[in-house]
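I have placed the structure first, in the form of structure tokens, so that the comments after it can refer back to it.
Should a chain be cited, it is by its letter among A, B and C, assigned in written order, with residues numbered from 1 in that chain.
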Amino acid sequence: MRVTKSIALASAGLLLATSLAAAQSTEIRIGVPLEPPALDPTAGAAEAIDVVVYQNVFEGLTRIDENGAVQPGLASSWTISDDGLTYRFSLNQGVTFHDGTSFEAEDVKFTFDRILAEDSVNAQKALYSSIADVSVIDPATVEFTLSQPDELFLFNIGRGDAVIVAPESADNNASMPIGTGPFAFLQWDRGSRVILEQYGPYWGEKPALTKASYVFIGDTGAMTNALLAGDIDGTYNFAAEALPIFESNPQFQVLVGTTEGETILSTNNAKPPFDQLEVRQAMAHAINRDEIVEGATYGFGVPIGSHFAPHHPYYLDLTGTYPFDPERARELLAEAGFPDGFSATLKLPPVAYARLSGQIIASEFAQVGIDLELINMEWAPWLEDVFANKDFDLTIISHVAPFDIGIYANPDYYFGYDNPQVQALNEELNATTDEARRKELAQELQTIIAQDAVNGFLFELAQTGVWNAKLEGMWKNAPVEGVVLRDIRWVE
Amino acid sequence: MSSRRILAHPGLVVGLTATAGFALLALVSLFWTPYPIGEVSIARRFALPSAEHWLGTDQLGRDMLSLVMSGTLTSFTVGSMAVVIGVGIGVPLGLAAAIYGGLVEWLVLRFSDLTFAFPAVVIAILIATLMGPGASNAIIAIGIFNVPVFAQVARGGTLTVSTLDFVGAARLAGLSRIGIAWRHLLPNIMSLIIVQGTIQLSLGILAEAGLSYIGLGTQPPETSLGLMLRDAQSLFLIHPSLSLVPGLAIVIIVIALNIAGDGLRDVLDPRLRSRRRADAAR
Amino acid sequence: MTNYILRRILGFLVTLLVAAAVIFFLLDLLPGDPARFILGINASPEAVAALRQQMGLDSPALARFGSWLMGMVQGDFGHSQTQRLPVAQLIADRMAVTLPLTLFAMVISVAVGLPLGILAARHRGKATDTGLMILAQVGVAIPNFWFGMLLTLAFAVSLRWLPTGGFSPWAEDPAAALRSLVLPSLALALPQAAILARVMRTALVDVSSQDYIRTARAKGMTFGEAMWRHGVRNALLPVLTILGLQFAFLIAGTIIVENVFYLPGLGRLIYTAINERDLVLVRSATIILVLAVSLTMLVVDLAYGLVDPRLREKSR
């Protein structure tokens, strides 16, 4: 009986607590499926790091906006030399780090020297390899010299991997992140949540929120319950299968946006029988894209026919290149010397879209005689087997880097596609600054890899956020990883 | 034991009947299921129960009845193979410890302590991670923890039995220790082992469900009751039947096994009833 | 006696050493490179190599085993490779959740299980007994992640009496911390209570046929008095043994319930560390658990040995 009584008492206390929270309305609690192992975005690839700190705690010289466009960040403006090799940035004045030290050009140089150093552990070091030199002109001006033109340079320095850190605090950023952003790190209850609070002396426009907690909830069912019970105010990308619960509930809003994630049936092009064009074409014909989009993403994914994001201005719709046609697939297999089909393995990383797509594809391929053995793996062995050792036949993975068609020009990349024509086109694309010509080249690349059926092109992942209906200012799209707090506010 | 003694025990009858029913369903799935379990059809997913699909279909449009049949088979297989591992290694160890005593016994007891001292869940996760997730590795991860359980049951049972008159008589008649163990001790502790076996079987089925929940048990396209339950977890509020069907199946099977185990204990050998750590060994 | 204690302590040390070796080399076999896991899909080989060196993964296994053991002997459990904090601190933080959770679950299971077991034994063979034992069967049979979810739906989502999960640190708001442990403890306690009820009932039924109960009754005590004075006390021994085992099981076995209620407990710490290949953390955390459990068993054994000299003759 004592138990019942204490529950009743406890519930009274809880009701009180929730009504207080509602009255303040400058705090937010966001559900996050994965806890970051550390909070330094320049020394780890975990998406969860950027989700918490990107543009909140840390800022870069530029910043990426909701639609993927480059905006001024810590650099108020910049000039680019005619040859595209020299970038001169003017830095904002009066900017301080959260520990009170001031932000100056030296910090920029320190940040990039650290990224490019011999013993650097920056996960995206390769993105910054075109930087030949960073020099401090004066405390408010810094100049970058590139070894070759790089159209994505301004975008890349706006990513979480290149946020500006201070020499005084950089070593401790993993557990005690100190940046220049509108929110300062307050506390991290390991295994439970990270709390940020508004940074008073922030140099830019003050955000509406004063406090933000990121609550780590790994279980989809638990996240659903937490949303329904009001224990969290929203989550930025929720499991599609659970969305119907919230779509019909007026207390919630479901935001459907885009990501940069091309989800593909990655094919080991260097390994027989996948080195044969007919085999890859047969697989492309055996894929029922609509069924996969419906089954694996509940219709939220956008079908793709090549490795390019549908919302990008250079996008070319190539979904019709190899339409779903099991008959044609069997013919092509016979032509390739596999009249009875063949067996292969499909190694799947631990993400819902891959596991579901895998089961559907296995069922579809069985109809044309390709017998797939599904091998479900954890991340660590998947990365090692598939990515590092290229020991795989097929896998399903979403490539979330923006504008990453260049991976098809790297013959050492894990799917082993080696096409000199693609490599030449990509080189030209990188060196071209003329917009129209760039578009032409990008579309030519899309077409070639679609026709070569390099990989099975499935869908572009959608971003499906669930938020309290009284919140506004959340990013709908995910051009980069992050849950940016600056514009989020409560409205009545 | 006579059939009358079985029938006189209603719990045993209910337990055995229900267990046999599910076991039959599972065995049939070896040869036939209403639909192939790998047959995905998004167009017909989340179908309600109908003449074509008695229990409806799941999120991939697979027939729920077929999945339950096949899933029951996997759950039973994992549980019972884990028991086989436990019996196969644990019983000889327990017998040896009881018969030889001394160093042998010390070693067996230390091994037992060692296994109990390891956090079972952590080790099961480690083994499953090490060998890659899947039903066969779940068997090993669960089976290892059955070994000390059966070793203790065998050792304890043997110690009790070996003080009985007929063992002394056999010893006087000049039978070797192994002979005594084989001819007299093993048959006498068999009932204990069977009882413990039903309990470990039910625990194994629950353990498989737990491993499946954290993603390290049975892997698609295979299925198990635990995996079905896990896959349906996030859909509970929209499609509760996907979760209720495998959930209730697990509950019923485990209860049936436990009732059968209790009944068997009463019927097989009431004398040895008090010696059991059965319930404790989870 | 001294001999017995020495043998028992020797056994304890051997267990620890073997456990340490098993854990260390088992983890060395895990597939997947910790450094690559941290740096992810686009990391350059140089960055991975640099991190591997920083993490000390390049030296030979035996040397790493040796330095790990030496560190632990000196009380240094090492630093987590992914979280870059001392393992001892990480574990202490999680213990603040897991230990109370385990204790609450045990208290609830005793408070519910024992009376029900006594009640069932008292009405042995009657409808109450049957009903309670069926309930106990159900309690054991429900997978705990499923039961946890049903509890949440009922008490957190529908009634909103309690939070769906999460944990606020004790120092911040003890009442909130307590509230967030109610549902998880209930989920954990259910099967344990059911087991205890069954064990208690069986033990009492066994005891009730013993001579001393008959004697007591012959002396004119009612059955209830006789059971209360002699029976319950004697039946508690098997119950205590089981409680000890349950504690050992729960302290690391709460991972599934921690997941359902997103609690920052020890189980989830180790599970995440396994996934992230944080080998130092997994090793040290596991060995600390082994140490705790073996130490408990050692103390219990020695206590038994002191109380009951027959035991050390017979079973050890």
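Please note the rule applied: a residue touches a chain if its C-beta (ideal position, glycine included) is under 8 Å from a C-beta of that chain, and two chains touch if they have at least 3 such contacts.
Just so it is clear, the structure is predicted and the values come from calculations on it, not from any experiment.
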Chain nearest the overall Cα centroid: C
B-C or A-C, whichever has more C-beta pairs in contact: A-C
Inter-chain centre distance, subunit A versus subunit B - centres from mean C-alpha coordinates, in Å: 44
Geometric centre distance via CA averages, subunit C-subunit B, whole Å: 21
Euclidean distance of C-alpha centroids - subunit A vs subunit C, Å: 38
Of all residues in subunit A, the ones touching two or more other chains: 219, 221, 378, 381
Interface hub residues of subunit C, defined as touching at least two other chains: 30-31, 149, 153, 259, 275
Multi-chain contact residues (two or more partners), subunit B: 129, 132, 233, 236-237
Subunit A-touching residues of subunit C, taken from the complex the two chains share: 30-34, 36-44, 46-47, 50-51, 53-54, 82-85, 90, 93-94, 97, 108, 111, 149, 152-153, 155-157, 159-169, 175-176, 178-179, 182, 259-265, 268-269, 272, 275-278
Residue ranges of subunit B in contact with subunit A within the complex: 38-43, 45, 59-61, 129, 132-134, 215, 219-221, 233-238
Subunit C contact footprint on subunit A (complex, rising order): 3, 6-8, 10-11, 13-15, 17, 35, 37-38, 44-46, 118-127, 174-175, 189-193, 215-219, 221-222, 225-226, 228-231, 378-385, 387-388, 401
In the complex, subunit B residues that touch subunit C: 106, 109-110, 113-114, 116-122, 125-126, 129-130, 132, 159, 202, 206, 209-210, 213-214, 226, 229-230, 233, 236-237, 243, 247, 250-255, 258-259, 273-274, 277, 279-282
Subunit A residues touching subunit B - in the complex, by the definition given at the top: 219-221, 224, 239, 241-242, 244-245, 291, 294-295, 350, 355-356, 358-360, 362-364, 366, 374-378, 381
